[in-house]
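A, B and C are the chain letters, set down in written order, and residue numbers restart from 1 in every chain.
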């Protein structure tokens, strides 16, 4: 099956000219401005209230725009940014360890496996310091040293300590900072907050995004909202896999509706799998829980050498303690002797999958490996381990009911973050004029793989510093208030929304929404998860439409469209995942290379490659094909029955040389 | 395991509501409490009924969305966890479990176990912030803050706004929530300029939302999933006394 | 009802606006203070300190019973005559104001609390709250009834037999009155119940003063709880030691002098003793 339709012109990313370090300053100097008296005439819709959306809504209101902000949760404070544990990067160089804006830029581009846009990443690094200043001024209680100054820790993919943190709850504290700023603007009347409200469609008037159709989740009422521009900050699509570390409500509906209205979806195949999550224990499971990666500093990862021993552990005939040292396979230490258990996320996730595919997994489902602290406890004593990981061990025990001080933990990789998203230019505006996309919902800054502590940085950079500066470039050319909800495009979109709801409610089939979501999730996890190949992806592309077809014939949604109806909400989201999943597989099939979170089994280093012979990298490592695939794949929706069009944005690396990532 | 559930069902805000009994059959012991409800709901839907509505989102104890009481206790009797972190292995086969929404006049029931906690948002809007315009902040390290003070501020800032404190309080008082927000900001040097204004405004908003007041039972502290200490209430009282004295005489 | 008028919610519902320009700013601030939940609680705490202070003084003074008639009656005489007799009135006014404020504020707060929890749990559970803390309003109101009885009993002395007790010098015989007053089992029982509830009230109330005034912390909470408990036990033992000694042990019974005056003189004697 052909991976794509006809290929169109190269996308214009509007990256300003000049040396990379001056682009952002030049761009701001040359951007349009709107005078304060005129700002209040412009209205802006912000969908999503996490770090990106909350920060954007608050800041735009401070500037004087009229902002309407929407979120599906009961309060903007609950957006899933809250769950980020580790920290936020910033090139402050407070540790005097040689950090700089350039180094943060370089590490992020390299970490993204050379699939991100240089200019955006440099801008991200430039504003990173301002984020910390802003958050501290808001009262975010970052960790401090005894001298009263801010503390830093180091994180994966960097050789400097540039990560600011607030215990294991950095995301929560940053989100509360943004939420408080937003609340201040709500009180002042600058932001009209709509919680428990879900965006159901984007309204496009004369080719410009000018409004949205929403459903009040409490009353069921469908309403129209018009504005001079629409900002989407609706997060990632990790829940397409059904099981992920995302919140239950995270969904792709807003982004996908925008896609269907003309916005291009970029690189949907870039998904990040986190190696240390608590394994699935049964098919009732609703979500996966992440355990901090720091556990890998002292824990050793292993499975039995023989599949028989593994089977005995699974059935409960043997325990980890029954497997003698010589029968254990510490596979990361074996394959990556210098990095060992600290091998990068994508590498260690894939290795876990490999050993489980060989039948050596230890969890009852066969999908799990041991993370063993026996040796560390012997070496350092239980007290030291408790001081380092006590709260994590406690969390593990609560969920799993087994004591990690006595028995090894079991872990397995899980979907955690999605690097792909709606395509945006340097102004964070999509190809669809008037539609701006921030945070995880866009594709721009992390390339094919995101480094730890960079998601928070990007969300806040986009919301606090980038969009307030770039939005006037669009708005200045718009007549404020020129489009109202009376426009027939609103009537059309509203009808589409109510028709869809009516259709969903009228099916009254046999199966629950979750059963379809689970089926889709298992399929894409299997075929488009940690490793992908052509045959599997083609199989998925064949099966997904069938699941979708059955969904529209056989789903059962009780109740009505009026009032709170959780099944109806889920159904709308799953319906979009059923389309989006196909697009994701299509993109994965098209990208015939391995890079970052996208691993195609056909494209890996073998013993014959020079880089392996020279000892630079290992066989089995991801092999990029820069000549052919150094581009952003931006997909255009062309209709339910026709394949999407592929548009390419060539990635040009002027400041960082594309090289092979090596972890030996 | 098999359980009997006594669940509060209420179709909408104006419905009277009642306790209904459900059999939860063959629940895996490894399941979480909310997964148990998922299973029951799946059965209800397949049987042609309407599922039990409950709030939930992150299911890892940080978003603060899950909000029901288990046997009369918000987030269950287990210390320092949210409802989504409760696991079925803590129950015995054959147990009867009472599941009711968070109660309080300021938390009206929306449906079944879902309540409206927007009163908390309005309290934060009244003063639970530091007014700092984006872009106007000075360098983050220009104002050192003693580590133990920053830590105390963090302890209060750990609040997830779930409302268990209100639900557990026989007066439905929001003092722990308001105290935590006030302490988080009032303990920091950045929070000083607006300290008095903040305390007066938040307390007034709290009163007008219809929350009760604190009679020092410390039930809130006992059920708080983030184990926020009632010290924040003590501090709020003190800060309020100072602020209102200043308001009257200065 | 008085407290209903000052209830913040009912005030708002009636559209009372408190920031009219003509209104004295201090008055406005005080009104808002009274209207707020914490403001009323602070009043309860401060008046609580006054009342606890009074109780400690009262129980200490009462111990003079065991020092004999002379000591007790000297003490009573002093109380009625210091500052040329004005002292007791200043003292009584302060006490009455504190007592009334304490009651009015707590009743208003209780009403607010009741209305804040319209629906309770079908399956109610309590984690840490003590029994004493959960019945404050009831122990408080019972104590109120007890105090009223107590004032009529020993201060106003509605019982002519008690009112008429005099020393040979003509000075009122407080010592004898107390011993005699506790010869009725029902009276002793009521004192037992009243004082016990008072001390239950104190055991939560004293610790709560610290919390409400913002002087309690996690570190000091245990010490404060112990202080509250110890003080209330001491007060309980102190107060109850007298009726129990007089009725059960028979302390002083042999020495009660029978009244020497008749009923007609009661008013004059009462006047003398003020």
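Quick note on the criterion: a contact is a pair of C-beta atoms (placed from the backbone, for glycine too) under 8 Å apart; a residue touches a chain by one contact, two chains touch by 3 or more.
As the structure is a prediction and not an experimental result, all values here were calculated from the model.
Asks: What's the chain with its C-alpha centre farthest out from subunit A?
Replies: Centroid comparison gives C as the farthest chain from subunit A.
Asks: Which chains are joined by the largest number of contacting C-beta pairs?
Replies: A-B
Asks: Where the centres are mean C-alpha positions, what is the separation of subunit A from subunit B, in Å?
Replies: The separation of the two C-alpha centroids amounts to 28 Å.
Asks: Between subunit B and subunit C, what is the gap in Å from one C-alpha centre to the other?
Replies: 37
Asks: Could you tell me the distance, in whole angstrom, between the mean C-alpha positions of subunit A and subunit C?
Replies: That gives a centre separation of 64 Å.
Asks: Identify all positions of subunit A at which a residue touches two or more other chains, and write them in rising order.
Replies: none
Asks: Show the residues in subunit B shared as contacts by 2 or more other chains, in ascending order.
Replies: none
Asks: Per the contact definition, I'd like the list of subunit C residues that touch subunit B in the complex.
Replies: 8-9, 12, 26, 29-30, 32-33, 35-42, 109, 112-113, 115-130, 133-134, 136, 204, 207-208, 210-218
Asks: In the complex formed with subunit C, which residues of subunit B make contact?
Replies: Within the complex, subunit B touches subunit C at residues 6, 8, 19, 69, 71-73, 77, 98, 100, 103-106, 168-173, 203-204, 206-208, 210-219, 221-223, 229-231, 233-241, 244, 247-249.
Asks: So in the complex, which bits of subunit A are touching subunit B?
Replies: Counting only subunit A, the residues touching subunit B are 55, 58-59, 62, 73-78, 80, 82-83, 92, 94, 130, 132-139, 141-150, 166-167, 169, 172-173, 176, 179-181, 183-184, 186-187, 193, 195, 218, 245, 247-249, 281-282, 284-287, 289-290, 398-401, 464-465, 468, 510, 512, 514-515, 556, 558-559, 563-564, 566-567.
Asks: For the complex, give me every residue of subunit B touching subunit A.
Replies: 11-12, 28, 30-32, 34-35, 38-39, 42, 45-46, 48-51, 53, 55-60, 62-65, 81, 85, 87, 89, 110-111, 114, 116-118, 120-121, 124-126, 128-141, 143-147, 150-151, 153-154, 157-158, 160-161, 184-185, 188, 190-191
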